[in-house]
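After this come two complexes, each holding subunit A, first together with subunit B and then together with subunit C.
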Partner chain A sequence: MSEELTRERAQALIEEVLEVYPEKAKKDRAKHLMVNDKAITQSKKCITSNRKSLPGVMTQRGCAYAGSKGVVWGPIKDIIDISHGPVGCGAYSRGGRRNYFAGTSGVDSFCDINFTSDFQEKDVVFGGDKKLAKLIDELEMLFPLSKGISVQSECPVGLIGDDIEAVSKKKAAEIGKTIVPVRCEGFRGVSQSLGHHIANDAVRDWILSARDEQPFEGTPYDVCILGDYNIGGDAWASRILLEEMGLRVVAQWSGDGTLTEMENTPKVKLNLLHCYRSMNYIARHMEEKYNIPWMEYNFFGPTKIKESLREIASHFDEKIQEGAERVIAKYTPIMDAVIAKYRPRLEGKKVMLYVGGLRPRHTVGAYEDLGMEVVGAGYEFAHNDDYDRTMKDMKDATLIYDDVTGYEFEEFVRQLKPDLIGSGIKEKYAFHKMAVPFRQLHSWDYSGPYHGFDGFAIFARDMDMTVNNPCWSLFKAPWQKPAAAEPEQKAA
Partner chain B sequence: MANIMIRKNAEGGLVFYLPKRDIEDNITSIEFDAPEKWGGELKLANGGVYYIDPIPAPARLPISLRAKRLDGVE
Partner chain C sequence: MQTIDKIKPCFPLFQEPEYKELMASKRANFEEMPSKEKVAETFAWTTTLEYQELNFKREALSINPAKVCQPLGGALCGLGFEKTMVYIHGSQGCVAYFRTFFNRHFKEPIAFIADSMTEDAAVFGGQKNVHEGLQNATKLYDAKMIAVCTTCIAEVIGDDLGAFIGNARKEGYLDKDFPVPYANTPSFVGSHITGWDNMWEGIAKYFTSMEGKSVGSNGKINIVPGFETYLGNYRVIKRILNEMGVEYSMLCDPSEVLDTPATGEYNMYAGGTTIDEMKDAPNAITTLFMQPTTLEKSRKYVEGVWNHEAPKINPPMGVEWTDEFLMKISELTGKAIPESLNIERGRLIDMMTDSHAWLHGKKMAVFGDPDFLLGLVKFMMELGIEPTHIVCTNSNKRWEKAMKKLLESSPYGVHGKTYGGADLWHLRSLCFTDKPDFVIGSSYGKTIQRDTLHKGPEFEVPLIRLGFPIFDRHHLHRMTTLGYEGAMYILTTLTNAVLERLDEQTKYMGDTDYNFDVVR
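Up next, the complex of A and B:
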């Protein structure tokens, strides 16, 4: 892109894009689009978020059930999540995010299997409680090594007023395992975000305090990783750094996590929060109830990782602080080599992001380490506290869009001509057809991990592989090319 | 009335958090700040003013409370 993105140009672009909407829709959408201004500390004044999407536009959001089952509960490996309701919802949230786990699927780990009560008409008419009880018995017989069960309500369950709590309590007493009813019906809230909250509350109410009275052999260096779903092995790439600096990771929430780990979490000394959006609720609760401080960290890109390691270490004694410096010293030359290799190929490239959770702000540092610039960023389901944090991390005049519609996103891309887009699977093929390099950043486009130092090496390679792929120049059919180019081609 | 949480930030100041509205901001002044009486009117950096019933100062923060909005952005 030749033209520099200025505040005026970005503002003009927003206005131009809004032109096509009817008056009412225009007024509504205008509140969700803004040009970043670092001087503003309160995002509330200039962007609206966490509101219902407009009917009639394309939105990329999911439902509360997706937020609870797909994001928070799904990755806990030794708990069976029942998708309670019709069969379809579960089919799309069955390990599709590639939450890796160590274990044997179907024996002691259950992340990638779809368990559902498969509601039929008669279950909607007569209620599904009996079916749920029977299902739990069957699960107990077929998968005796599971540590617990969660009942993830789909829409019909809330509509017909089933009492899943009563069934769960009764069955839990019978089989002697934890059974957690989760009221995450898809119609609750405006996006998957409320599902995260409901899931957090269910963990708080049914799991967290289970081992409060039990003895635990703690160390002064116990920490917990919150909000890392081990996509492509992310949590593992983060964990080794923490362990290398001398900390003991007691629990991973929830990628490759277990029920026991979660029950032991109230014993840790510090909660490390990666995805603020999906797990700040439980972090705040543990701070109040168990007096465990929490901090947000960022393990994308060497600059941010180093900052985060030092900040984590500052909560502990000198031994850990030395450990952090040792880890940084060990990886710095490796990271310098990665940057030396890829930066020349990526320098100055412009990126637009539209993802969920934490990525639009957290990955900025990693792109900057590679000399790339983020010119636009937005979230599917962020709240104002996310935008407060985003505005600090973004450059001035960055375009910020909340719950962007399919049309708006395409128009922004047409005008800003980024060299790379990072977004979800629903956007991927539209932009492929526009010949814009694209990476699916929800589950790392079947790659990863991207967290930690090891992850950054893969991140850098993937970005180079995408941006500099020769395929992007081959999108025009030969007969659509301008005539002047023809002789050249023949010569070649 | 809304559920809020008051916690301490790294600098030792009080932070107000209202989950329902995603308001997280520093508390610039608190009406009563004595061991036996704590609370009352809370002024936030964003201009908001909230009221919590005075209680004996909590032994430790964070603490969840019910608050009433008196003035300012919501």
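Up next, the complex of A and C:
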């Protein structure tokens, strides 16, 4: 194991890494890197976030369209998302995220199909509104069972002055379905994050209050899952626990979700928010408009799951509180068995994380349940309220990096020599070359679910298979002399 | 619920009764989805000729198009040059997508950078981004060249890339002599193959002039690969030329950078065509374009500026077109075709005789990029396979003419019909109404296999993975589709797909106790 990470060492590492930048870039990047200090309660004193990425410096960030179409809207299964604009965006955002749905694709569910207006030069010159109107008719002709349509704007749409709102309103009246224009052009904001916000606002403005006047057979135990995209089936592995403790899950936003569920959400008693970053907006709105309280919860790893179940239950009566204890008791033996099996294989291993807007802090408990230590964490598109939450959850001296550049991340890894990195596919293969075990923490690396008790067992299995696979020990041929400063072997 | 001895990921976890019940109850109580009967009835309707006719009436809506956008192609082109950083002027989200797309296909790190234009740049233009971006990039990435292409935002607002780069030099953001070739690659024109063409032309323009050059003086043959994602194809062309003793320049070669060894160190750059090689390219005997119906701009530049005849060849796929390619090289260089290639050809023909009985008369639909389809269809017909539906989303008139002519050249082409500009939702209809035995194409064909199976096992059209992108099988991008070697790979892939399918259909004891053979 490498030497203990102290505040001084971490700070020195940051200084060293910054050296390579031109002056202006150095000044900017310095604000995005920090060493955790639990004594500080407000992150704004020590880290800057949600700012523009530097031109010409490798960022891992995406765009507003990715945040809207890719994250929030894409998983709603009975709504057709039109990638409105040129051909690329819809193709690149198809099928990679693993937001599962149960349904008949192309008939009542549409998540794995790329619908696009495939803009040509004439659409850019003369505008795309007519094409959009026609396209909606064609969708209606071929997919009569869809519940609605969203228009996900790509960059050109916002630049050429199209009025997608007018087209949406007109066509919605004509076909009698919900049509939602979404202004998520990729140049808006500085990352996926504004796309989440725009998507939330579009749901608020075009969907949320549709059934305000309609009767609804509610129960005192109605809840909604917000900010679970059902990656690898996460939302199902979460829903099962909530149902088992006696709650009634009226809606899933948005993994395996439907238009009906979203419209019924204002009737729930409590909103449960998993991904704070991408859906706090709608939670706050429902609190203001419908007086629905919301709470954040964490379904990664048994410690956090148990805490969360109890906290959720505390919003309800004894029946639910007993339900929570019953669920915890039911799953405790298998969780103990998982930890007994995998903890000895992972104890003391160091982890570095760089993910989106939630997982760098939410998965820490799960790693700790396995005896692993997170020594560095960062976000692609967090805001300072995320860092406020992160600093509490991290140990002192943890390295924290915002919108980390490819170069910085590689240098941090070279120095800190983690035993495992959890990040995305753009980062994955560079670290494979560097012989650092790596798991994708966006797509669960084609595995999952990782949420819930069932998910934790898979999480533990996956971290073990990657940390302890024999491939990491085969990098050097036997005839190659080990260099003088050869690092110790990373794999067990 | 999990058990410690067999921890189950999503499949088969969600096959457990408690999860099946959970999904059923969610659907019944909260989703207001249409009834099972309605869904079944509608699905059945989507498989009909009536639906197909509506489907083909589409004018505005594109569903699962088999193409992506220009800058992705431009980026692959840039990647093929030595120590070159691909720099994309425009929105950063695009670049995240390009990298991801290639990561998923090649299972390799992909280093591209963006200059991250945002709302203010959309209003005031992207010059500031170009200046700062080039300054940062030259400082950080130890590149010998930065190859710039563009995304829609820069194209829609009309950024003058040439002027911006020129100003960056004047104002000291960029060293005077640092090479920055560039290309405009609007996503609303053409497709990824157009982008490759534009970027290559940009690089050729930047580095080459005819000053002091004389055609034929370096005695080499230039090879321009085009948007080529089979790494083996770069290697096989080089091997063929080496075996023939022909000097050559592979003008764009990402086969090293996309296949670096795992050593414990990450190197952003590896291999690639050198600037010197590119500069010297006009001195070659001539230039051969591996993708003849596309690459128009690059060809025009080579013909017009380099004064190369650039003879039109067919893509060297299958037997006869590889024969032609070798004879053309021989004719151009005076070098004989060596015995080694003759032996290799003989081995291919031998394989064809061995496998022909499993392939003869099989009907296969295909989709993919234009020149890839030409070569594939040619070889399929040499194998006795009958191409049926030939879908090319990014087609062009030249290609459509060439494909028609090709189909007419063989009795196996009589069932072949080309669908230029069509997409994979069109192909889905065709696979229901006029069922081929197999469909050949990228990973995106797998939903056609799933959808046809949903109608019933006898309607299933299995996917054979050849083309780009292939995300759901590992390492196939390392294979070869050009030359005799490539034909061997295609032949092996097709034959074994047929045999595996036969096993799948005949492995039922007490039901199909015949044709499930150990020897074939």
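Methods note: the second predicted complex is superposed on the first by the 476 of 492 C-alpha atoms of A that agree within 3 Å, B and C clash if a C-alpha of one lies under 4 Å from a C-alpha of the other, contacts with A are read in each partner's own complex, and residues count from 1 in each chain.
The rule is short, and it goes like this: a residue touches a chain if its C-beta (ideal position, glycine included) is under 8 Å from a C-beta of that chain, and two chains touch if they have at least 3 such contacts.
Since this is a predicted model, take the numbers as computed values, not measurements.
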Message = I'd like to know which partner A:Val20 touches here: subunit B for first, subunit C for second, both or neither.
response = second
Ask   = Which partner does A:Gln42 reach: the first (subunit B), the second (subunit C), both, or neither?
value = first
Query = For A:Glu288, is the partner it touches subunit B (first), subunit C (second), both, or none of the two (neither)?
reply = first
Message = Looking only at contacts as defined up top, I'd like to know whether subunit B or subunit C touches more of subunit A.
response = C
Ask   = Can A:Asn264 be said to touch subunit B (first), subunit C (second), both, or neither?
value = second
Task = Kindly classify A:Asp388 by the partners it touches after superposition: subunit B alone (first), subunit C alone (second), both, or neither?
result = first
Task = Mind sorting out which residues of subunit A both subunit B and subunit C touch, each in its own complex?
result = none
Query = For the complex, which residues does subunit A have touching subunit C?
reply = 20-22, 24-25, 52-66, 78, 85-89, 91-96, 100, 102-108, 112-121, 123-124, 131-132, 134-135, 138-139, 141-142, 144-145, 154-156, 158-160, 186-190, 192, 232-233, 236-237, 239-240, 243, 249-252, 256, 258, 260-261, 264, 330-331, 334, 337-338, 341, 406-407, 410, 425-426, 428-435, 447-449, 453-454, 457-458, 460-461, 475-476
Key: Contacting residues of subunit B [partner subunit A, same complex]   = 5, 7, 17, 19, 21-25, 46, 60, 62-64, 73
Ask   = subunit B touches which residues of subunit A in the complex?
value = 42, 44, 50, 281, 284, 287-288, 291, 383-385, 388
Ask   = So in the complex, which bits of subunit C are touching subunit A?
value = 1-4, 7-10, 13-14, 18-19, 22-23, 26-27, 30-34, 38-39, 42-43, 46, 51, 54-55, 57-65, 67-69, 71-72, 87, 90-94, 96-101, 103-104, 107-119, 121-122, 128-130, 132-137, 139-140, 151-153, 156-157, 186-189, 191, 260, 262-267, 425, 428, 444, 447, 450-451, 454, 471
